[in-house]
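First chain written, first letter: the chains are A, B and C, and each begins at residue 1.
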Amino acid sequence: MLTFILRRLLVAIPTILILIVISFVLMFAAPGGPFNAERPLPPDVMANIEARYGLDQPYAVQIFNYVKNIVLHFDFGPSFKYRDQTVSGLIAQGFPVTLTYGTWAFAVAVVFGVALGVVAAVRQNTWVDYLATGSAIGASVLPNFVLGPLLVLVFTLWLGWLPAGGWYGGQWQYVILPVAALATSYLAAIARIMRSSMLEVMNSGFIRTARAKGLPMRRIILRHALKPAILPVLSYLGPAFVAMITGSVVVDVFFSTGGIGQYFVNAALNRDYSVIMGVTILVGVLTIVFNLLVDILYAWIDPKIRY
Amino acid sequence: MALTDPATEASRTATRPEKGRSLWTDARRRFLRNRAATAALAVLVLIAIFAFGGGFVAQYERDYVDFTLIGINASKGVPSFETGHYFGTDAEGRDLFARTVQGTRLSLLIGIVGSLVAVVVGTLYGAISGYLGGRVDSVMMRIVDILMSIPFMFVLILLLVIFGRSLLMLFIGIGLISWLGMARIARGQTLTIKNKEFVEAAIATGVRPLTIILRHIVPNLLGIVVVYATLLIPEMIIYESFISFLGLGVQEPNTSLGSLISSGASQVLNGGGEPWQLYFPLFFFVATLFAFFFVGDGLRDALDPKDR
Amino acid sequence: MAVRSTFRAASLLALLATGAMAQATHPETGDPLAENQTFSWRILDEVPTLDPGLIEDVDSGSIARQLFEGLYNQDAQGNIVPGVALDHTLSEDGLTYTFNLRPEARWSNGEPVTANDFVYAWRRAADPATASPYSWYIDLMKVAGAAEVVAGEAAPDTLGVRAVDDHTLEVTLTQPIPYFPQMVTHYTTYPVLQSNIEEHGDAWTQPGNMVSNGAYVLSERVPQERTVVTRNENYWDNANTVLNEVSFLIINDENQGLTRWIAGELDATDVPIGQFPRLKEEYPEEVHAVPNLCTYYYAINVRPDSDPALLDVRVREALNLAIDRDVIVNSILAAGQLPAYTLAHPATAGYEVPEVPIATMTQEERNTRAQELLAEAGFGPEGEPLTFEIIYNTDQAHQQLAVAIGQMWKQTLGVETTLANQEWQTFLDTRREGNFQIARAAWCADYNEASTFLDLMTADNESNDPRYENPEYDALMEESRTAADPQPLYTQAEEMLARDMPILPIYFYAKDFMLDASIKGYAFENAQENWYAKDMYRIAQE
């Protein structure tokens, strides 16, 4: 197992390098640039700015310098659009925000999703199943750009209980609505994958044997069925967790949380090359780490698995 | 590597439809027994009739702007049978009924294409990766990791710049992203399935890996695949409005449920605007999703080989 | 309204916690003042920078205007009033300005503001090493040597700005500019403190580091959430500053901005398209529409390789005539915009909109004339069918207009249009490369003078996206630069544009926004929207 983990971590290095190169190629190939504006800059001025940010260098040199600065100084450079900020600064400020609401949303989605999925599976095709599945779907059926405004309409404008936006260091009243808006879309997915795989497990030989032996249902589910049934959910949860803690552009933009979710879209629209690379590498590293974690959990839950 | 005798291979193919037929009849019977699933299927059929036949009922073209209604939407553009604007007009003074019909049609197509690509590409990719394991698995999964992390917007922008916009490009844009999650799930499931007795038995009798994957692994993945595919439908419908935002894909006067909902939502939810502009398209979106979800669960139950 | 007051109570509590002292009445107007002297304003996006030398956008400028003070300020009408400079003298030849600086002006660290701070700031803005996207502004002011410094051909210290003594600043120009005193209200000309910048480097604009000379100092900056400035105790006119704290809240979505305004979470926000009439009814006292020096127009590609139909001026004129501007400004936008038949905004200082023929016709007359012209050119219902593509950057408002205009052309002229939205950077690229037939465009004034608009259509202007090239037009604009009264030349230029029609002007902007009724002193009549928080205050409400 240890060699497996070490090997995977070793493979991560070329993976990240390939990711960096592909991303740079895509960025350079796309039309526009960080300093293009409605009013084109005079050529002299443009030349000064490009020289300042090293954009006048050949593409290969730019990529090399970028990697070099990360390896030697852990320096991800200044933001091209937000000139007062560095990429590390923006991420250091925004990542804790999305990590906070993302983790809460994840916890909510997993707890309720798994519970609803199990209940629905155990009472397959009864009203309990329909109610559980229906409510899981109902929670997530609204796209989050509709759900967000709706939550604000109800909890801010009508009830006056919660503020409609801002973060203010993550005080609880500012966290609730973003968590609600983010969690629901994942909840249904988890519930339905859980239901599906739970059904498969419940119909398998060893559970039937256990039931035939007259073991109590609760014990069968908790002791025997849950563990194998959770496997496919895990495959889904790895990437889902990364997506949640890196935030959602809709949530960040709508609730003005200051999280990093918005940079995935805005930085790309602004052609803010350094910020794009920063968040891309962050997602890349997290994806690799959490997919590795999922694989480890797989092997732990099902010892027969060999990679 | 077992050499296959062409004759046995042919006979095997020949027997497949028969086996398939009984499996399918079985599945159909079980599906129809499921009341929620059959009701959902009926709803889906109705929505499809609306999306493909609604155009005959519409009184207006979807791009016709009624300048007498623009700006006074709230009083005159309300849904009404007398004016022929069954669903009222949109913010630009166009008939919302005709637009919802066309938007539903397009979004249905997008959802179905997106999940089909995911099912075919994602399942096969994941099953192959998981079954072969080792170095192949490692490389194939690192490719997925990379594709999950690259700034995908630039891929879409480049598709637009290089190929121009068209419906095909929209489908390609959707297809490119939809299969990644499916691949990971299919691969994870394959890892456990390939240790099962029946797979080991097949290996022992010298069946070719591709045949094992197609005949033994994939059928056992179907349950989760169907469920996940229906989950992708709403995701893809919403994702389309983002792709269109970049300029690739649906262009005015064409529309989709995603863009109808987002323009309706922006008008309505701070207390003003014309509520029907949100509610009609949202109704069709929600109804479609509910229907697909229940049909998906029903299909899953019907296809479950062990659930007899 | 009920909801708004509950949140008011919450912010009042917050204020008590900070221990701010209340003033009873406003020193000039005598209005009773609220205890809570805070103000919050919505901005679209995290501001790129607060370094006056680097700023190029309106929102950054709005914050910097509270933090720094230039030679002159503007009053609520946009007239210049003393800032750090008390007054100035102008040499006979109109080339040398000598500003007398206020001796009591202080930086927020207590140091005096001197002429050297301006010299340093101006040199720094022009210096290629600073890499400022607005370095051309120094050149635009015609400061001697600016062009050479920006181009890197001369050292920054050759710039024509000099400290005669600590409180006398001398500026030499290459040519007389009548509106030069107006130009020194701009953020690029704000002073910055050399020792402060040298101490902190790029990080000098962070809270805690920044030393500024305006009525406020930077106290908080959370990227993509908010920026807060608080009273500068060392400001020379601190005694007359009423607001203690100004927050700039970043709210990307204008509808969400409105929701938060209704919820009472902020004092000012923009009105989303189409919402103005409703808000006018519900909040008559708090919704405002003021002129905004921008013009919205469609650029027609008139490059020689463009669509031959578009190169026919009759077709362009027919398209122009068939746009019903009244429907656009009254029914679609409906928020104080004005129909445009010419390029420069009517609220531009010292500028009179020339009366072009189309402006006085009724829409029926225009439509008839448009149909005649199109038929004459051999197109339209009886002639060759036409299809044009309109490109625009993705935005609800642009889309709404493109849909309406396309339909006007279709319903009046039988001309088909296809619409193509693009993401902003792709759009800019496409438009600049000339890969379009008709493109949405808009121009906002860089300074309050008509040439900022009319220069746009000169052959060497980089934003001349239609690629209109007319030596006569260029000659007119060249002549206007030194003319004692440029208005007749501007009239000729506008008439030339209305004749050749490289652009179809559509409407003149208005800025529509919600402003809490308790906030007074906002500069409604300042056409450049240069508002100063130090002139504003919050009145007590019963």
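The working rule: a contact is a pair of C-beta atoms (placed from the backbone, for glycine too) under 8 Å apart; a residue touches a chain by one contact, two chains touch by 3 or more.
These are the chains along with the protein names UniProt gives them: A = Oligopeptide ABC transporter permease OppB; B = Oligopeptide transport system permease protein OppC; C = Peptide ABC transporter substrate-binding protein.
As the structure is a computational prediction, the values presented were derived from the model and not from experiment.
Trainee: Looking only at C-beta pairs that count as contacts, which pair of chains has more of them, B-C or A-C?
Mentor: Result: the pair with more contacts is A-C.
Trainee: Which chain is the middle one, judged by CA centres?
Mentor: Centre-most chain by C-alpha means: A.
Trainee: Round to the nearest whole Å and give the separation of the Cα centres of chain A and chain B.
Mentor: The separation of the two C-alpha centroids amounts to 21 Å.
Trainee: Taking the mean of the C-alpha atoms as each chain's centre, how many Å separate chain B from chain C?
Mentor: Roughly 45 Å, centre to centre.
Trainee: Distance-wise, how many Å sit between the C-alpha centres of chain A and chain C, to the nearest whole number?
Mentor: So the centre of chain A lies 38 Å away from the centre of chain C.
Trainee: Would you please write down the residue numbers of chain A that are in contact with two or more other chains?
Mentor: 30-31, 149, 152-153, 157, 269
Trainee: Mind pulling the chain B residues that touch 2 or more other chains?
Mentor: Where chain B meets two or more other chains at a single residue, that happens at 157, 161, 269-271.
Trainee: Find every residue in chain C that makes contact with two or more other chains and list them.
Mentor: As it turns out, chain C has residues touching two or more other chains at 253, 255, 259, 262, 423, 426.
Trainee: Considering only the defined contacts, which chain C positions touch chain B in the complex?
Mentor: Touch list, chain C to chain B: 253, 255, 258-259, 262, 272, 274-275, 277-279, 324, 327, 330-332, 334, 394, 396, 399-400, 402-404, 407-408, 411, 418-423, 426-427.
Trainee: In their complex, what parts of chain A are in touch with chain C?
Mentor: 30-33, 35-42, 44-45, 48-49, 51-53, 78, 81-85, 89-90, 93-94, 149, 152-153, 156-157, 160, 163-167, 252-259, 262, 266, 269-271
Trainee: Under the definition above, what is the set of chain C residues touching chain A in their complex?
Mentor: Within the complex, chain C contacts chain A at residues 3, 6-7, 45-51, 54, 56, 128-133, 135-136, 150-152, 202, 205-206, 221-226, 249-253, 255-256, 259-260, 262-263, 265, 423-426, 428-430, 432, 442, 446, 462-463.
Trainee: Which residues of chain A touch chain B once you look at their complex with the stated criterion?
Mentor: 8, 11, 15, 18-19, 22-23, 26-27, 29-31, 124-125, 130, 133-134, 137, 141-143, 145-146, 149-150, 152-153, 157, 188-189, 192-193, 195-197, 199-200, 203-204, 228, 231-232, 234-236, 238-239, 264-265, 268-269, 276, 280, 283-284, 287-288, 291, 294, 298, 302, 304-307
Trainee: Residue numbers of chain B touching chain A in their complex, please.
Mentor: Listed in rising order, the residues of chain B that touch chain A are 34, 36, 133-134, 137-138, 141-142, 145-146, 148-151, 153-155, 157-158, 161, 180-181, 184-185, 187-189, 191-192, 195, 223-224, 227-228, 230-231, 234, 238, 258, 261-262, 265, 269-271, 278, 282, 285-286, 289-290, 293-294, 296-297, 300-301, 304, 306-307.
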